[in-house]
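The first chain written gets the first letter, and so on, giving A, B and C; residue counts start at 1 in each chain.
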Amino acid sequence: MTKQDYLIKNRQTLELIAKQLKESSLRSGFHLRDIKSACIDLLEHFESLLLSPLDQSENVVSELSDLLEKLHGAANQIEKLYPKKWTEAATDQLMAKFLDYLPSLQEELSLDIQAAMDRDPASTDPLEIAMSYPSIRALSHHRLAHMLFKEKLPLVPRFINTLSHQKTGIDIHPGAEIGSSCFIDHGTGVVIGETAVIGDHCTLYQGVTLGAKSFPKNPDGTIIKGQVRHPTLESHITVYAGATILGAITIGHHSIIGGNVWLTQSLPAYSRIQQSRYQQNFFTNGDGI
Amino acid sequence: MTKQDYLIKNRQTLELIAKQLKESSLRSGFHLRDIKSACIDLLEHFESLLLSPLDQSENVVSELSDLLEKLHGAANQIEKLYPKKWTEAATDQLMAKFLDYLPSLQEELSLDIQAAMDRDPASTDPLEIAMSYPSIRALSHHRLAHMLFKEKLPLVPRFINTLSHQKTGIDIHPGAEIGSSCFIDHGTGVVIGETAVIGDHCTLYQGVTLGAKSFPKNPDGTIIKGQVRHPTLESHITVYAGATILGAITIGHHSIIGGNVWLTQSLPAYSRIQQSRYQQNFFTNGDGI
Amino acid sequence: MTKQDYLIKNRQTLELIAKQLKESSLRSGFHLRDIKSACIDLLEHFESLLLSPLDQSENVVSELSDLLEKLHGAANQIEKLYPKKWTEAATDQLMAKFLDYLPSLQEELSLDIQAAMDRDPASTDPLEIAMSYPSIRALSHHRLAHMLFKEKLPLVPRFINTLSHQKTGIDIHPGAEIGSSCFIDHGTGVVIGETAVIGDHCTLYQGVTLGAKSFPKNPDGTIIKGQVRHPTLESHITVYAGATILGAITIGHHSIIGGNVWLTQSLPAYSRIQQSRYQQNFFTNGDGI
């Protein structure tokens, strides 16, 4: 039986399924596709402008215009989708703030690039860092998403986060506050939660989690949203690969956290901790573990 | 010397290399490219249909037709590549089962979306979850791949797994059995093995492994394939970031496994375990670890 | 206000920002985009040639020609960007060495595919492994990047690494030396540093780090670059998921390292280590951790 035969034979079933799908909770908000697509374009122009070399000033103006157009377009779509949460006036204000923010964003990214140059012995060239380090890509996307998040633009910050996570393996919630001169080396598997705070001059390695413990609940059993529930890292802290740090705790400045530790308590400044020593084993199965 | 010069000068070498490459073990099965390409298209239409909002019912029917066409096309290619393992009758049966499965798949995904809504304090909107959470993307791909795996369709389930792993950082073997209302938060680095079983209402965080220990071997030294070798998680279990759980063990229902533990033994229901306490260190090198 | 209105109203601001951006440290080296783009094409043709089945010998020659053309093109761009570091003669030598290397590269990849076949009980088909396992993708990219790195071609090896990391979640610095019959199962989050050495017949699971500890510094406070600072793994070693192994230490042959350990000391041959035993806990919060 060919595929065409199926479609004819099963026309009634198909229409029933289509009806069910259409009535399901996802069959609304058809602007979402346009918004997601606008976010993909937005990040492309953002990277072209801020992280790629351009040869001539007219290209800078042209990339900048494209970037503004994409941001404006996404905000317009949000107006249509969430008219109660977002207005044309909000879009106007957002565009003005974004223009104001661009020069300091450029400055912040320069400091992030310098941080990678200073702390990674394998780095040889700021251009190489700007164009190839996941740290710079993730931080630049995050600094953009965080600015939009603070302006309370719905959906767009989260889509930027998702796209960035997909490209870098680094998942930073748009709400997280990250200080200057940050370096996230390698980065795969890093998770930084919504209410996490990271001070200046911090270094995180791959697989580090700044996450939440179990959540307080409302009387009806649903979790309470919007509480501070993630760690605060003060300044000049290094966290090695795979450390899991959970809860609304504070890690004091100049601390060093060893790899693969499980940490749910605050630590004073200048702390040095590492996992308890491994066991030397005689295995029951001589072939392995 | 230009590239053209190279090609002329090295014509003989090129042909020798080409001959070697052609004779190598990979120079067969040229339908594979078409199958991989069909899988990429398949997932696109699958996501359009099940995870993106559509504005009108004719779009639902059209996306559904495209999805069926891609699945049918991939199965046809498999017939040509593995005529002993897969027949036209098998394709017919597969298409019928897939149509039957679609409504319950839609229902399962609704429960997965609700699970994310219930358990992630940062979530605000089911649409945002459907369109941006790696958990939903990975679970929807897996539930499709698992259905095809149970029908014994060669290759396609694995290609879906690979594409999904690439997009989400979550690697679920198509053979794994995953219950309803599952939530894989953030997800980067999660690995779920072929014979793993996960009960209803479980939550996994990023970097969790449900893997295998060393493998029993045949007398000739090759490993025995097809044995149960991965963990079973009963229901209502939470596993925090980076926990590595290996072997054909069982974790009892309502257990909570702390982050970064190494676990190779079964645990009773309502267990609570975490890594042994970290060490406070005086380092020999004052600068760090 | 429309986006056009913004651009007119803010023309002066835009030009000022454009001027600042143009003067910033990133506004040089406009060939970089072409090089990155050439690297993307290069990897595509490389995978087509070495990891995908081709049906006819003319396709092999055509793919091979395309691959050589892309490599030559990238090297030409490097000449323009770094005339002091790279010359036309260097490009000529590189192309000759690359042609010499191709047959043994093909042989190395066959051994890597066989290693996956031998060690993964879920594997069923060498073609499936070649076309879908992140291990093969990452190792093939790395073996190419490492060859170019040893020839001291600037930038290109690093871009290949970045693209491969993005696709597989496996981050191998082009400088790392990896022996034959290597298998990196699942792979997400694996990091292998610049001066790491891995012997023959080794297996790494997802999330394994072969990284560096803190770095010795110059009198001026900058870190010393180019020192050996990563682990050496001898042969026949297995490292389970999430183990973090740091520093210029040596792990003896036939050792097995358990998951999630933190290891900064050398180990003799045939070592077996695993994380110290977890704690069974009574939690203060009955709901979880």
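Some notes on this structure:
Following the convention adopted for this analysis, a contact is a pair of C-beta atoms (placed from the backbone, for glycine too) under 8 Å apart; a residue touches a chain by one contact, two chains touch by 3 or more.
The chain list, named the UniProt way, goes like this: A, B, C = Serine O-acetyltransferase.
Keep in mind that this is a model prediction, so the values were computed, not measured.
Taken as a graph of touching chains, this assembly is complete, with every chain in contact with every other. Two copies of one sequence, chain A and chain C, touch each other mainly through non-matching residues, since under half of the numbers at the interface are common to both.
Its C-alpha atoms fitted onto chain B, chain A is found rotated by 120°, rounded in steps of 5. Note: centroid distance chain A to chain C, computed from Cα atoms, is 22 Å. Taken residue by residue, chain C touches two or more other chains at 169, 188-189, 207, 214, 238, 240, 242, 246, 258, 260-261, 274-277, 288-289, whereas all remaining positions touch fewer.
Listed in rising order, the residues of chain A touching chain B in the complex are 1, 3, 6-7, 10, 13-15, 17-22, 24-30, 32-33, 36, 154-155, 158-159, 161-162, 165-166, 169, 171, 173, 175, 188-191, 193-194, 207, 209, 211-212, 214-215, 222-227, 229, 238, 240, 242-244, 246, 256, 258, 260-263, 271-277, 285, 287-289. The residues of chain C lying in touch with chain B in their complex are 49-55, 57, 60-61, 64-65, 68-69, 72-73, 88, 92, 95, 99, 102-103, 106, 110, 113, 118-119, 121-122, 124-128, 130-134, 167-169, 186, 188-189, 205-207, 213-214, 217, 238, 240-242, 246, 258-261, 264, 274-283, 288-289.
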